[in-house]
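Structure below; questions to follow.
For reference, chains read A, B, C and D in written order, and residue numbers begin at 1 within each chain.
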Amino acid sequence: MEKWNGNAGTTSAFAMPDWMIQFADQKQEFNKRPTKIGRRSLSRSISQSSTDSYSSAASYTDSSDDETSPRDKQQKNSKGSSDFCVKNIKQAEFGRREIEIAEQEMPALMALRKRAQGEKPLAGAKIVGCTHITAQTAVLMETLSALGAQCRWAACNIYSTLNEVAAALAESGFPVFAWKGESEDDFWWCIDRCVNVEGWQPNMILDDGGDLTHWIYKKYPNMFKKIKGIVEESVTGVHRLYQLSKAGKLCVPAMNVNDSVTKQKFDNLYCCRESILDGLKRTTDMMFGGKQVVVCGYGEVGKGCCAALKAMGSIVYVTEIDPICALQACMDGFRLVKLNEVIRQVDIVITCTGNKNVVTREHLDRMKNSCIVCNMGHSNTEIDVASLRTPELTWERVRSQVDHVIWPDGKRIVLLAEGRLLNLSCSTVPTFVLSITATTQALALIELYNAPEGRYKQDVYLLPKKMDEYVASLHLPTFDAHLTELTDEQAKYLGLNKNGPFKPNYYR
Amino acid sequence: MEKWNGNAGTTSAFAMPDWMIQFADQKQEFNKRPTKIGRRSLSRSISQSSTDSYSSAASYTDSSDDETSPRDKQQKNSKGSSDFCVKNIKQAEFGRREIEIAEQEMPALMALRKRAQGEKPLAGAKIVGCTHITAQTAVLMETLSALGAQCRWAACNIYSTLNEVAAALAESGFPVFAWKGESEDDFWWCIDRCVNVEGWQPNMILDDGGDLTHWIYKKYPNMFKKIKGIVEESVTGVHRLYQLSKAGKLCVPAMNVNDSVTKQKFDNLYCCRESILDGLKRTTDMMFGGKQVVVCGYGEVGKGCCAALKAMGSIVYVTEIDPICALQACMDGFRLVKLNEVIRQVDIVITCTGNKNVVTREHLDRMKNSCIVCNMGHSNTEIDVASLRTPELTWERVRSQVDHVIWPDGKRIVLLAEGRLLNLSCSTVPTFVLSITATTQALALIELYNAPEGRYKQDVYLLPKKMDEYVASLHLPTFDAHLTELTDEQAKYLGLNKNGPFKPNYYR
Amino acid sequence: MEKWNGNAGTTSAFAMPDWMIQFADQKQEFNKRPTKIGRRSLSRSISQSSTDSYSSAASYTDSSDDETSPRDKQQKNSKGSSDFCVKNIKQAEFGRREIEIAEQEMPALMALRKRAQGEKPLAGAKIVGCTHITAQTAVLMETLSALGAQCRWAACNIYSTLNEVAAALAESGFPVFAWKGESEDDFWWCIDRCVNVEGWQPNMILDDGGDLTHWIYKKYPNMFKKIKGIVEESVTGVHRLYQLSKAGKLCVPAMNVNDSVTKQKFDNLYCCRESILDGLKRTTDMMFGGKQVVVCGYGEVGKGCCAALKAMGSIVYVTEIDPICALQACMDGFRLVKLNEVIRQVDIVITCTGNKNVVTREHLDRMKNSCIVCNMGHSNTEIDVASLRTPELTWERVRSQVDHVIWPDGKRIVLLAEGRLLNLSCSTVPTFVLSITATTQALALIELYNAPEGRYKQDVYLLPKKMDEYVASLHLPTFDAHLTELTDEQAKYLGLNKNGPFKPNYYR
Amino acid sequence: MEKWNGNAGTTSAFAMPDWMIQFADQKQEFNKRPTKIGRRSLSRSISQSSTDSYSSAASYTDSSDDETSPRDKQQKNSKGSSDFCVKNIKQAEFGRREIEIAEQEMPALMALRKRAQGEKPLAGAKIVGCTHITAQTAVLMETLSALGAQCRWAACNIYSTLNEVAAALAESGFPVFAWKGESEDDFWWCIDRCVNVEGWQPNMILDDGGDLTHWIYKKYPNMFKKIKGIVEESVTGVHRLYQLSKAGKLCVPAMNVNDSVTKQKFDNLYCCRESILDGLKRTTDMMFGGKQVVVCGYGEVGKGCCAALKAMGSIVYVTEIDPICALQACMDGFRLVKLNEVIRQVDIVITCTGNKNVVTREHLDRMKNSCIVCNMGHSNTEIDVASLRTPELTWERVRSQVDHVIWPDGKRIVLLAEGRLLNLSCSTVPTFVLSITATTQALALIELYNAPEGRYKQDVYLLPKKMDEYVASLHLPTFDAHLTELTDEQAKYLGLNKNGPFKPNYYR
C-alpha cells in the first residue's frame, strides 16, 4: 500500500537500492513466517505493504467473537458454490450495500461498464488479482467481469480485507480467498488457491505489491507462457518488475500504473492534502490554527500536507535535501529549515520523505511536551520508532492508533500509528481517488489484453499518455466539468491530434 | 521573449508545427523590412519575439528628443574605445547604478563570480550574445567576463534595450550594439557587428530566440567550425534547434536551458502568479475582490494566474482541452467551463494557452461592457485582435497599453497590450527570476565550454539535472533556507549520491 | 449547546422572538416528559440544547450493558462520600486520565490556578453549575475549587455527560449529579439535588442554557437573596436573561459570556473552520476537492465553513439576506446566489443561518442524487427535516448520524445528524476552544463574586473588555506568541493605558 | 486622507489624544505657511492629510511647464462663466473622459441618479465640499447635482487634485477651486472662495479632514444658522467633531461616515489587501514569493496586508500590543513576535499600527542589507524617519517614492514614500472602493438634509445601520450577486423587518 505515497518526498523512483528488490535471485521459503512482522529481513517473504494495517475502520461489522479460521470452515454461497474462502458468507448483504454506495462515487468504472458492454473487450480474459479487498475493488472486479473477464482474487495485505465485501463477492460467484487477519501462511495459501486451480489458468495478472507475481515466478513459472501481461500498482511491485527487466528475467510485458499522472497527483498531492487533516483530527482532536508544524520532505505528499495545514492556520516549516524542492517550498511560503533548528518549538512533526531515520531518537528527546509525531511517507522507517523501545520510556496506549511515549521527566510524545502511514491507519481514502486508480487498472488490463502482438515487448511500460488522459476525462462529469475541444485549425496550429494526447509523456 | 511562458497552457513543447521553424530551408532576405512589423509573414525574417515590446518602463530616462540614429553617431567611451553602438554613452552612470541594484538581487551570479574567480573556467571563451539588454543581462555579462570570457553583444528585441544599461556596458569596455527602437535593418546590422569582426571569432553562442544562430548559419557557416556550443533560452529558439537537429543540420552541441525545472517553475508558475496581478493593476487599477475571471488554459502559467486571482478574492473559471489539466483545475477548486458558458458574465478574460484564436470575435461580441481582455500566453495570436479591426468598432487608446474597443451600442471592451503578453508589456519581471535564468545560462556556457570531447554530440541537450539543482542551491541563501544533507546511511538506503542529483530528469 | 454558533449567519442577537424565551411567564410542569424528545413543544420544559446529542464519541468506555439507573444505585467514593450520583464510580481512573490530558491543553486555567493560588479569590464562593460534563469542565471545576470555591454540579444536556469524567469528579469529592442518557425526570432531579441541600446554599450560578437558573426561579426564588450573580454561557440562556431583565424580573447581576470577542471568534469562525471539514469527513469520507458546495449564511460560522472548504479545493456558493455580509462574501471570492439557482448542481448544502426552513422540501426535491445536506447553524430548524417524513420517501440509516433519504425514483439525499448541529454531533470540539470558554467563565465568576457593591446592578453585563483581553493573553503562551508592550510615550500618544483595554467594547 | 486606514492596527477610535484635535481652542493664523510642509507643528494650521502627497500618478497629463499660478490666470469655460479657479480649463476634455471611465465603476451612484431623479431629494441643498478632487469625486458631485443640489468645491489636500478633472468640472459649470500643488495660502484661499460668495450660502457641508468646517467655524460662524448638517469622512475630521461635541461647541448635527461597516471593511481590509501588493511592486518590482515580512499591527489594515502577502508566498510575522488581535494572528497562521526577534532576518517591514515610533532607529540599524521599510498605517510617524536624517547616513533617491538610505558600511535600507502611507503614495485606490465611500456620503447628505426636525441633535451620528446596508445593496449588482429575501414566516421567527436592518449597529 505504499502506492498512496509513491513519489513521497525526495525519493527517486529509479534510485531504489538493489537489495530491496532482489527477490528474483533469492531462495526464499514462503511458508515460514519471519520472527517479527514488519521488520525488513533479508529472507523477506511478503512485501512490507502486506503487513501494514490498512485502516482503523477496516471492518464494518464486529465479528471478533468468531475465532474459527476460514480455512477450517465449510461455506457455500446461495448458488451452492464453495470455490471461495472468506470470513463469513452471511455478511454478504451488508457488503453488497457498501459496494452499491461505492458504485455511486466510481462513475468512470460504471461508464466503462456501459460503454464496453457491447464489445466485451475482456472476453476470454482470465485475470488473477491480488489487491486490497474493499468495496472499491469489488466495483473494479465486477466491472472486469462485465467486460467479459473471469477473475480469481486474493488480498495483498493480511489486515486490509473487508470481510463483508469479500462475502458479497463470494456470494456473487467470485472465487475470493481473503479475510482480515490472515497469518502469513494464510496469505500465501490464499494466493495459491487463486492460481493453482484445475482446468483454469490465468492469462492476466493484476498485482499490488508484487507478491502474486513473485509467487507465480517461483512456483508456476510455466504459467507465464499463457500470460499476456502484468498490471502492477505499487512502487514496490513496480521496482521488482524493473529489477526483473534489468536482469533480463521479465518474460511478459508489464504495465506500471503507479506512475501515471492522474494517479500520482491524486494519490499523493490531492489525497494527502485532505487525509493529513483527517488523520490528525480523528486521532487527536487537535486544533490546527496557530500550531507550529514541521513537514519533512516537500515532494507531492509533503506539498499536499503543507498546503492543507497552512490553509487551516498552522505555521509550517519544511525540511528538504533536494535544492529544487527546497526552492519550491520557499516560493510557496514555507521556511526551509533543518529539523534541528525547529525541533524544540514545533507542535507536530510529519515525515513524508521515503527516507529512513529522518526523525531520530535525538530529535525525539528534544521535542517539547505533547508534540505529535506521525508519518505520511513511504514506510514506517522514517521515524526511528525502534529507538523509543527502551526501558526508561513508558508507552501508554491512549486511543486506537495513539500512543503516549513518556520520558522520565514526564514529557509525553504523542506517536500516531506507531510511525506507520497515518493516512492508511487513521483516515479513510476517498472512493473518488480509488476510482481513478481502479479505472487505470482496468484500462491497462484492456490495453495489454488487446494489444496487437509486438506492441509490447518483455518490458515495463507506462500507460500510454492518451489512456491517462482518458481516465481523467471519465472523471470530469463528476465535477460537471466541460472540456473544450480544439478546432481543426487550432489542432493544426499546435500540431496535435484533436483527441490527444495533449502533453508529452513526462508532463506532470 | 516567449520564454516566460514556455509551457503555457496546453502547448506541447514538441508539438510546434513545422512551418513555424523552417528557416533552415528558406531563402530569406534579411535586409528587407516586412511591411508590417509584428505580423507573421511567410518570408519571416526576425523572430516574433524580437518585435514584441518589452516593457512600458523600458527606458529609465527620457531621450525622446534625440532623433539621430546611433548608427550615425560618433561616440567613444572614457577609455577611448568606439567598438560599440548605443544610444548615448553619456547615460552610462545612470545605467551603472541600475546594474549595481540588480547585483544585489542576483546572489547566485555574484557567488559564481567569487567561487570561479580563481580558476577562470571561461578563460579563452569568446562569447557572442543576443539577448534582451537589461541590468540583469549586464550582471550576467560582467560575470562571464569575470570568469575569463570575452563578450560581444546585440539585442534580441528591437524595443527591449535599456539604453542606459547599454551605455554603462559600453563605457566598461563591452562591445555592445543595441538601442531601444531599432529598425529591422538596425537589428541585423547590430548582430552582424557582433560577429563580423576582424581578428575575433566567437567560439560560444548565447542566444534568445535563435536570430543570432540563424544569422551565423546563413552568413558565416564556417564559423561553426570553431564554435563549441550554443546556449539557447527561448521556446522558439529551442524549437528551431530541434528542427535543425532533426534535419541533421545542427553542427554543434546545443543546450536547451528553456526546459530546466527551475526556469519552468519560476518563469511560469511563480512569476506569473505575481505578474498577472501587477499587470492588471498597473493598467486598469481594478479591484480583484469579487471579480469573475475566466482563465483559458491551466498549464503552469494558467495555474499561476488562477492561484493569484483566487487568493485575491476573484471568482475564477477555467477552460482546458487536456483532461488531465482539467481535472487538476477541478481539484484546485475551479469550475471547468467552455468559454461560451461564462463569456457573458465575466469581468476579465485571460488567455494562457499557447494556442490561437482562443478568444474569437464572436466571444468578444458577447462580452459584457467593461470586460477586460488580456493575454499571458505564448504569443499575440490567442486573442483574435485582428478581428477587432473592423469599421464599426472604434478604438480609443486610454492609457499606455490600454485600448477601449467600442461597439456601436456603446459597449466597451478593455484590451490590454493589444493582445501581446501582459506580463512583458505591462509589468516588470522580478530580478530574482532573471537571476535564475541568467545563472542557468552561465552554467550552461561553462559546461559546454569545458566538456570533454565526446560528452556532447551535435544535438540539443537539457541541462544536466545536477546543474539544475546547483542553480537552485545557489538561490537558497536569498531565503536564508537551510538544506538538509543526507547521512551516508540514508544515501545508501535511497541509492543516491549525497550531492545529488536527487530526482529523475523528468521531475517537475 | 447552541453556544458554538451564537452568531451564526444572519441572526441578530437581539432579534430572538419573544415566544422562544417566555418561560418566565409560563406555568410549566417540569416533571413531565414530552412525548418526543427533541421536538419543540408549546409546554416546552427543558431547553432544546439539553436534548441535542453531544457527540458521537460521547462515552469513552462501553457500559451499555449496565441498565440500572444511577438513581437506584448505592455508590460511595474511596473517601466514603455518597453525595453524588454518577453512572459508575469505578470508571474514575479512566476519567482522571482524560482530565489530565485535557489539563495539558488548557494552559490558561492551569496558569490561573497558579497565579490565584495564594489569594483564593473564590474563598467562600458556593457555586452551583449546570454545564456539559466533560474533561474540560472538570478542569474548570477543579480550578474553581483551587481558587477557594465549593461546587455542586449537574449536566445541562441529557446526553452529553462523559460518565468516566463524572466518576472521576465524584471520586475527587465533587458532588456531581449527571450521567449519559438521563430521562427528563432525571434531568430535573439532578439539578434539584445540586441546589436542594441541607446546610448549603449557593451564592453563585454558572449556567449553560438557563435551565438551572430557571429551576431556582421557579422552585427556590428565595435563594436569590444570597446569590451574588449568574454567569451564563449560551445564546438561549442569555436571551432568557435579557427577557427577565426587560420584564424587570432579574434580581441579581448576570454576566453574558456568550458575547465576548474571544468566545465569538473562537467558537464560531475558527472552530467551525475546522469542524466543518471534520464533521463531513467522519460521516461521509468524501473528497472536498472539486465539490460544489452552497453555504447558507455568511456570518461567522458561514465565514469559517466557506474559508475551509475553499482552501480544500471546493467551489463554494453563498446565500445571504444581509447586503453587508453579502458584499463581504463577494469580496472574499464567493458567488452570491439564491439557493434555487444552484440547488440542482451542488454536491453539498450547509446551513449556518440561525433561521428556519432555509432548506425546504422543495429544495430537497430538486437536489441531485447523493447530495449531502447538513446544518452548522443555530438549531435543527434550518433544514425542514420534518418535511422528509412522508410515506413516499424511504429513510435508510447507513452509518451513525448518516441517513439516506430515498426518493421513489431512486435518488438519495445524504442527511447528516438529522439536521442537528453537525459539529456537535459528528465532530469533536478542540480542547483549546473549550479552554477559552472555561477561562472566561472562571474570570466572570471571580469578577462577579469580588465586585464591590454597586458595580453591577440587576442587569445583564458583558465581560469587561479588559478581562476579555486577559483571557486572550493567557492563551498566547500556547503559541509561543510574544506580545509587544507600549512604551510610555506610545501609550500617551494613543491615549491608552499600557495594560489595556486596547479597543472599544464593540471591537470584533 | 487617513481615511483609508481609519482602524489601522491597534488604535482605538476613541483613544485619540486631546492635543491632536484641539483646534477649537487654539488661536491659529491661517495664512501663514509653516516653514516645512508635512511636519507636525504646534501652530498646526492645515490638517496633516492635506499635505500628504496623494498619488505618484496624480496628474494624467504633463503641465509642468506652466508656472503661472491659477489665481493669476483669467479663465472662462465655454459657457462664459469664470466662477472657478483651476490649472487649465483647456484640459477639460481629457478630464471628462476620466470621469466617464469612473462612472462605469460607480454603479451605485449612477443607480442613485436614476432612482432619485424624479423626486430630487436634494432640491434646494447648497453643498460646500472639501475633498480630494478626482474623477470619482466628480461623479459624486454630478450625482448630487442631479439630485437637485448646488455645489461649490475645494480640495482637501494641496497635492491630490487632478487638474484635468477639475477643469472638466469647471467646464460643466461647477465652481471648483483647486489645483495640484497649491501653497498653503492657496489652500485656504480656495476654501474661502467656496463659502464666501455673495448671494449664496451653504446649507450642507461635506468635509474630509475638517479643514472646511474649521474655516467656517473661525471665519463665518454665523453660517451655521442655516446649515443643516455636516458629513465628515476622515478619522481626523471625525475626532475634531467629537471634540467639538464634547466641548458643547458643535452647533449642527454631524454624520460620521468614517465608521460605517462597509467603509471600514472596504477601505481597510479589502482595499489594503490589494494595495500592499501594488504599492510594493510599483516601487520595487520585488518578488513576494519566499520573502520574510514583518507586519506591525494586526487590525483591519494589518489583516489585509498579511492575508495578501501570505497568499503570494511570503512568510509573514506579526507584532501586536492587543492580546485579542494577537490571538487572531496566531489562529490565522502568523508567528506573533516582538519586532526585535525578527528584525535582523526580514526582507520587508510594514507598519500598520496607528502608533508612533514603532520602527526606531535602533531597529533600522539592525536591519539587513536591502530591507524594504514602508508604512500602511495612520500617519508618517510609525517609522522614525527623522532619526535617519543624520550625517553618517547617505540618502539616495533611486526612483520616485523610493529612497536608499545608506549606512557607512554600505548597507542600504529601501525606504518607501519617506514613511508616508504607501497605498496613497505608491498605488492607486480602486474606483470601486471610492464608490462605496462616495455613495455613503451622498446618502448621509440626503438623510441629514431631509431628516424631520428633531431626529438629529447637535451631535455626531453614525449612519443608520439600514443606510449602511442600503449602500452595500447598491453595490451587489456589480458582482451579479443575488440577495435572498426573508419570507414573512422567517422574518417573524427572527424578529426582523424583511427590509432590514439585519444586524445590531456594532456588527463588524
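One rule holds in what follows: contacts are C-beta pairs under 8 Å (C-beta built on N, C-alpha and C of every residue); 3 or more make two chains touch, one makes a residue touch a chain.
Everything numeric here is computed off the predicted structure, so don't read it as measured data.
Ranked by how far their CA centres sit from the centre of chain B, the chains are topped by C. Rotation angle for the C-alpha superposition of chain C on chain D: 180 degrees, rounded in steps of 5. Mean C-alpha positions place chain B and chain D at a centre distance of 40 Å.
Centre to centre, using the average C-alpha position, chain B and chain C are separated by 58 Å. Multi-chain contact residues, meaning those touching two or more other chains, occur in chain B at positions 270, 289-290, 312-313, 330-331, 335, 479, 481. Residues of chain B that touch chain A in their complex: 10-18, 261-262, 265-266, 270, 319-331, 335-339, 341, 354-358, 468-470, 472-473, 475-476, 479, 481-487, 489-490, 492-496, 500, 502-504, 506-508. By the touch rule above, chain D contacts chain A in their complex via residues 289-290, 292, 310, 312-315, 330-335. Chain A contributes residues 97, 101, 104-105, 270-271, 273-274, 277-278, 281-282, 285-290, 292, 308, 311-313, 345, 369-370, 398, 412, 427-433, 478-481 to its touches with chain C in the complex.
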